[in-house]
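First comes the structure, then the notes that go with it.
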Amino acid sequence: MQSELSHLNEECGVFGVWGTPDAAFLTYTGLFALQHRGQEGAGITINDDGQLRTKRGLGLLNDVFNAADLEQLQGQAAIGHVRYSTAGSNLLENIQPLPFNFSDTQFALAHNGNLTNAETIRKNLEDRGAIYHSSSDSENLMHLIRLSKATTLDEQVKDALRTIKGGFAYLLLTKDRLYAALDPNGFRPLVVGKLPNGGFVVCSETCALDAVGATFFCDVQPGQLLRIDESGLSISAYTTDTQLAICSMEFIYFARPDSDIYGVNVHSARKRMGALLAKEQPVEADLVTGVPNSSLSAAMGYAQESGLPYEMGLIKNQYSARTFIQPTQKLREQGVNMKLSAVKGVVAGKRVVLVDDSIVRGTTSRRIVKLLKDAGAAEVHLRIASPALKYPCFYGIDIQHASELIAANQTLAEMRQTFGADSLGFLSVPSLIKAVGLNTGAPNGSLCVAYFDGKYPTPLYDYQEQYDQEQEKLRRRDEPKHVTTSSY
Amino acid sequence: MQSELSHLNEECGVFGVWGTPDAAFLTYTGLFALQHRGQEGAGITINDDGQLRTKRGLGLLNDVFNAADLEQLQGQAAIGHVRYSTAGSNLLENIQPLPFNFSDTQFALAHNGNLTNAETIRKNLEDRGAIYHSSSDSENLMHLIRLSKATTLDEQVKDALRTIKGGFAYLLLTKDRLYAALDPNGFRPLVVGKLPNGGFVVCSETCALDAVGATFFCDVQPGQLLRIDESGLSISAYTTDTQLAICSMEFIYFARPDSDIYGVNVHSARKRMGALLAKEQPVEADLVTGVPNSSLSAAMGYAQESGLPYEMGLIKNQYSARTFIQPTQKLREQGVNMKLSAVKGVVAGKRVVLVDDSIVRGTTSRRIVKLLKDAGAAEVHLRIASPALKYPCFYGIDIQHASELIAANQTLAEMRQTFGADSLGFLSVPSLIKAVGLNTGAPNGSLCVAYFDGKYPTPLYDYQEQYDQEQEKLRRRDEPKHVTTSSY
Amino acid sequence: MQSELSHLNEECGVFGVWGTPDAAFLTYTGLFALQHRGQEGAGITINDDGQLRTKRGLGLLNDVFNAADLEQLQGQAAIGHVRYSTAGSNLLENIQPLPFNFSDTQFALAHNGNLTNAETIRKNLEDRGAIYHSSSDSENLMHLIRLSKATTLDEQVKDALRTIKGGFAYLLLTKDRLYAALDPNGFRPLVVGKLPNGGFVVCSETCALDAVGATFFCDVQPGQLLRIDESGLSISAYTTDTQLAICSMEFIYFARPDSDIYGVNVHSARKRMGALLAKEQPVEADLVTGVPNSSLSAAMGYAQESGLPYEMGLIKNQYSARTFIQPTQKLREQGVNMKLSAVKGVVAGKRVVLVDDSIVRGTTSRRIVKLLKDAGAAEVHLRIASPALKYPCFYGIDIQHASELIAANQTLAEMRQTFGADSLGFLSVPSLIKAVGLNTGAPNGSLCVAYFDGKYPTPLYDYQEQYDQEQEKLRRRDEPKHVTTSSY
Amino acid sequence: MQSELSHLNEECGVFGVWGTPDAAFLTYTGLFALQHRGQEGAGITINDDGQLRTKRGLGLLNDVFNAADLEQLQGQAAIGHVRYSTAGSNLLENIQPLPFNFSDTQFALAHNGNLTNAETIRKNLEDRGAIYHSSSDSENLMHLIRLSKATTLDEQVKDALRTIKGGFAYLLLTKDRLYAALDPNGFRPLVVGKLPNGGFVVCSETCALDAVGATFFCDVQPGQLLRIDESGLSISAYTTDTQLAICSMEFIYFARPDSDIYGVNVHSARKRMGALLAKEQPVEADLVTGVPNSSLSAAMGYAQESGLPYEMGLIKNQYSARTFIQPTQKLREQGVNMKLSAVKGVVAGKRVVLVDDSIVRGTTSRRIVKLLKDAGAAEVHLRIASPALKYPCFYGIDIQHASELIAANQTLAEMRQTFGADSLGFLSVPSLIKAVGLNTGAPNGSLCVAYFDGKYPTPLYDYQEQYDQEQEKLRRRDEPKHVTTSSY
């Protein structure tokens, strides 16, 4: 369920374009297609004949930019960013692209991901006198580039990329080129497209390529640095020590259904997750319904595999992206609900299979099960089209503590009770891997599944100590409570 | 396809509540659930201990009201309105509820529908010295009430209601009561619900009852006047010359899928339309997909009946309710598209059945067919889950001229070519009536189907002359071009 | 002291123009020059080739109109209005010009003043079925025009004007003409100017003529109706029962110093008031200072006549027109002051004559005397360049109750003590009349001085009863407490 | 004439407070009193129990802060800034206070003035890898502090202050203290006050002390560093190589009349300038009037000394601080004027002495002379209460090029003709010095008068080359055209 408060939050979407008039408008359009990746802030930097100008602000793209703004951002190249910011840090300073003005040159930087050694780098540089302006970790790259002793900008950027660790898809705009870089594990997606007029686009998802009329050219590979300039696109590797481990949550929840990641269509992958879930966690019921909008694909897959009718049991108010007004707790208990509603005519008296993509804190699940029961559903069988989330992510998803995750704190039986569901079942990790079906030969089907099994594909650097302490704390509690992915 | 410019526009949604604290908040929540019925303006009138206060403005509900506004609107009763205004008349004066301040009393009026003798009434009253402030026809009722010689307000209101003709669902708030009235044909839906604390709600659709935690009490019947006050709800008839002819477009397109109208769930009715369409207009294909969001129900029905897989072939950007920025024609031709996108991974190489709810001008249909073909669809078979729109509506839907309707101007073969579809088929009127399945004994299954067959259930009064001229003009064109609802 | 909360508030300024491109821009400019007459709302109606369009809103002119708005208001004629609204009635409905749309024609109405028989007219018309939309009394005129049996619009307007009583300067715009009308006593100022291109301007003060580059043509005379249309300006009288009694507060406080009223420059009149005040209320002191900005002229006159140096003892923050943030009472007591400050370097150790234009509630006076004393002034002698305000006004100034007026409730000695001044003196009525120096032969030098002596130049109609009750109440208090205008 | 586009612009005002609840509100109030020093942007940093939070934005204080903002900024200490930004650099990044977030601490910096070796410092630091975020020179100090090898923050700050050159009044807020520093020449004013509760205030002008109810404590002296913390105020010197040369334009035009600078009241100093001007540049005339608001003091002095009556010949629209709408050139030529107007009743037929404080480009002077003549003035004798501006300023006033200064390009005779005045006269430098009357023993009466005589009190560092080139260019023109300060 996208944009519910208690759900996961991707940290960003990036979009860059080189070599086309209307660069700002295309960037706006591309970011609009990526708006689901971040709703707290947005920005665009235009390269106007060698001069970089940035406009950024808090809120949705439409809060930040109007038609007049876009008309003023004239240029042949641009980068843009939509941001989700963690609570308390929604400062304008952190909204990207980050602009950097030097006596002799300018840069603008957009980053999707999270670094694992940012704190160490920052402390080292601050000890040498460096000044940071944002509180985000994205700024590190710029400092490292400026401090590199290499003689070309290409090599300075590579130096810097080799120093940082974690998950990152970077776009870096200068007066005469656009760089794009991906971390050695390819945690975050990044794709290249071509415009009809020969210009290039680099962005987080292929849905943004479609939105601007670009054709897919290639996925950026782990460890690659791309440079796009007057002479076209050149691709090189800043490291060969790479291994694809793309974030599985991109397939499960984040990415838009119409996007393809490394050749795999996201909607189709979700349908397969639903189908495999139906095999692993079958149940006798009258109909299948999904939590709109992110779980509809999996629900279709579950229905098709199980032979149960696929139904519209829940409706999401299509204007809910924009309401800041919330009912009080008292009104909520009286049944006031502004975002979701159950279709009584469909669910009343029926045994319902409710498919959701994933469960974080569990608050939403409890609410939706109650909504269906209040609408007269005879039974509600909750089926989650992904494994249980039990470990934090350090590569760009906003789950920083296991303590926030219900599946790290309750058994399957406890959770079922918490949700008020008649049964509960999760997809297994092997089925998730099979449903995605990437065949690059890397472990775990080239996916990062660390939130499910706690096996991180890289050292955790600055986060290791915090992680160890939290795990110790969880272990000390009387009994093993970790969920098993079998049905209860 | 809701909120596309070239589609139909309902003229309004109304919501009223009596006898509860948080009256303004509930009205806000109810209007939020009715936002699909009007996006150009919104307003709320609160009854604050006998004093009426109105706040209204242009734009979506969220543009007009913030949390502070709602806190200031304290009272035990309220009415509200969301409005679609026809081009050129989006004046603040026309946003409802319309407030009326007299020396000794106050009224507030909210209206969904369109009167057919408004012009005549207005001219008569103006000749007597009356002053109108809005340019909308809603104001007439107030003038008529004040001019009535009857001795009680109840009778004055009934006098006024008997004078006006056309489609109307009225809410009228005073210092000590809330009136609700429906026209003698029940063209527009209007339902009553009860709050947990005993208060009453009257509103356009049951989805708004669900949103505020009210339980369905009854549908308002044609010709009824309801009065809600301290002593509860009393229902009387201002006329007995009634015959239900509810607007079939409510079932086809306007109402929310989770609403029930006269006991019929809208989603389920649409699914049946889709299923009957599959029977009447079958086609060999690989999958079925609907135009999001309003055609998904019909597409599910078509898929289920035909045995073809139901797929997500099109995605609607969930933030599109709020973008005011449009690509230029040139960019649009390059493939830039901000609202809809095709899921290439689903449709490429496939024979697609594309289900849409209805066709007005045809511009959107052409665009969507092209979108699917550009995404690689092998064939696109367009199936419309309603009969062809050929005649204007005078009871509250914004189709004022047959010349705007493609089906009044082109044959089925011509339309197919215009849309670039491989085949085209509409639902028949009998199947529409069967799909809805209302059994009140009134003609046409108690539906108004005049936009399909030109047989209006009432005289047209002020519109008759204009209608005759237009029909004459269409008739004079060389050949009979009216569409037949068989497949081509 | 303009724009202090506790001071008087003029109810409006009006501006109309006929026969010039840029009509909206000129109206905006003219209203900007009249902004001191009303800060709560503003509006402009343009005549765009026979079509009237109105834009209006709450706040200062600059809050309501931006450059884009003005560009959209293209036309050859326009009227505009700036409004001060009394507490609680700052509804958008009351912001003028009031637009009226009839089936066959349109009107827009702007009014400065206050009617004394509005309530009676309204009740009569409502009993006949009339509907009022605003709660202001301005709307009456339109109703009366429409109800007139006369055969020409000219005569209908005159009929209506003869029915209403009180103070009014009206502008009425139609598709083909602009009317201007003044009440039979000329309570409010209204002047005509000519543009370089031959167009006409009618507005509240000559300062607005200057602002738009128009030359003064004539003052509108009491009882006149002006019509401006294609064939030029024609002036007629709707009544001959007239007697000039222009509001003396226009000279004392409201009007801008650069305006001329019936040939008398306002600044110069104020200077003469100050000079006569120096003669009537002399005092031994070191310097004279005025309360900025409205009392500076009188202070100059006092200084010049007395031979004392004129000094800048008080500074008004020039951004204070726009601050909505107020210090708390606690901070205010600590000396926090956002609008006015004393110039210590000027007043410390000095005996100061403080000249203010008038005193309403007295709160401001007490605050300013304290400000000077805190800044080290040895003595503060308060001199008021007008007689003591003791009676309400019913012709357009916002003093509705004698109970609000300190001089109706305290003796001179009590007031002096309340203010903390070392002495206190007011100007006498005869000196006020002499200072203005109008020579039309009407009583009181053609001025209305009723707020000083309670002798109203017209019957009070709807207000008589309320007035009698209040006076009775004041009389019943133990002792006669009315101020005498001699020094204490 | 403040806020006219063609006039001088001070680069900022600063305000800091330590040790009081309501720190943000007092800072807001103080900045409101300093708004005349900068209208393009404003910001406040609060110290909320050791955490610094900054809010800043473009526009007037009231555009940036509302009451809710101030309530959220709770803390015991704060600094604030109002900014004038030169064209093209009005970026949010440049609005102060500049916030700096380090891993272990935070700083916020507010700066009034201009550095002369900023470019050199920046280039040096960038070569070492430093990253600048703003394009302003204010950021240098923070970099230098962090690079200092000294062991205490006090010494690090002093190190940094000794490195930078030019004009500066700095406020630096940390979690546990507030620093204030003044350059070795004291180019910009900076004063300390005490609050009733014992807290300290440091700000640009004493008018801000008065506004917040603080009492004057001391002027900060050239070369001083002040530290305010829990233990109170401590003052030390970071250099002893100092010599007071306070910007004479502060006395002439910038500072508010109610402020005292080094014990000299600004209004009184201006009055003395006017009086000496009357002696040096007498003329036969009927009255004296000043350009509102900044020249009124000098005009009073001229009138008093000359024995001519002081009059209100010009009125400034008191709402003009907020209009963004400008008449077109064509309308301006027709006499449309939104900001200033002449009082015809005062000036018609009269010989007017028009006193202005200074002349920069001369455009405003020409406009005002024309305004008076159009209003019927028989003669206009322009008298400037300061010497002719002929050289740029590098210490914080926005005159960067002599080519912008009319007096650097035209003779007195040419200027008189350009302005259309009947005569023209400037004040001499010795009289300016005498009028201010500072007696600290430093040259030029402790004033910087370099804009008049080109003798700068410090080396020009980064600006020397540019200055030399411009002077050479001026010299090369055929004839010596520099103005002499005698009357023509």
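To keep things simple, chains are lettered A, B, C and D as they appear, and every chain counts its residues starting from 1.
Quick note on the criterion: a contact is a pair of C-beta atoms (placed from the backbone, for glycine too) under 8 Å apart; a residue touches a chain by one contact, two chains touch by 3 or more.
Computed from a predicted model, the values in this text were never measured in an experiment.
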item	value
Repeat of the A-B interface, chosen from B-C, A-D or C-D (over half of contact pairs identical by residue number)	C-D
Farthest-lying chain, centroid of Cα atoms versus that of chain A	C
Separation of chain C from chain D, taking each centre as the mean of its C-alpha atoms, in whole Å	37
Chain A and chain D: spacing of chain centres that average the CA atoms, whole Å	50
Between chain C and chain A, distance of the C-alpha-averaged centres to the nearest whole Å	62
Chain contact graph, described as a line, ring, star, complete graph or other shape	ring
Residues of chain A that touch chain B when the two form their complex	2, 22, 25-26, 28-29, 32-33, 35-36, 60-62, 65-67, 70, 195-196, 207, 210-214, 256-258, 260, 265-268, 293, 296-297, 300, 304, 309-312, 315, 317-319, 321-325, 327, 331, 334-338, 341-346, 375
Footprint of chain D on chain A - complex, ascending	92-93, 99-104, 119, 122-123, 126, 128-135, 139, 142-143, 146-147
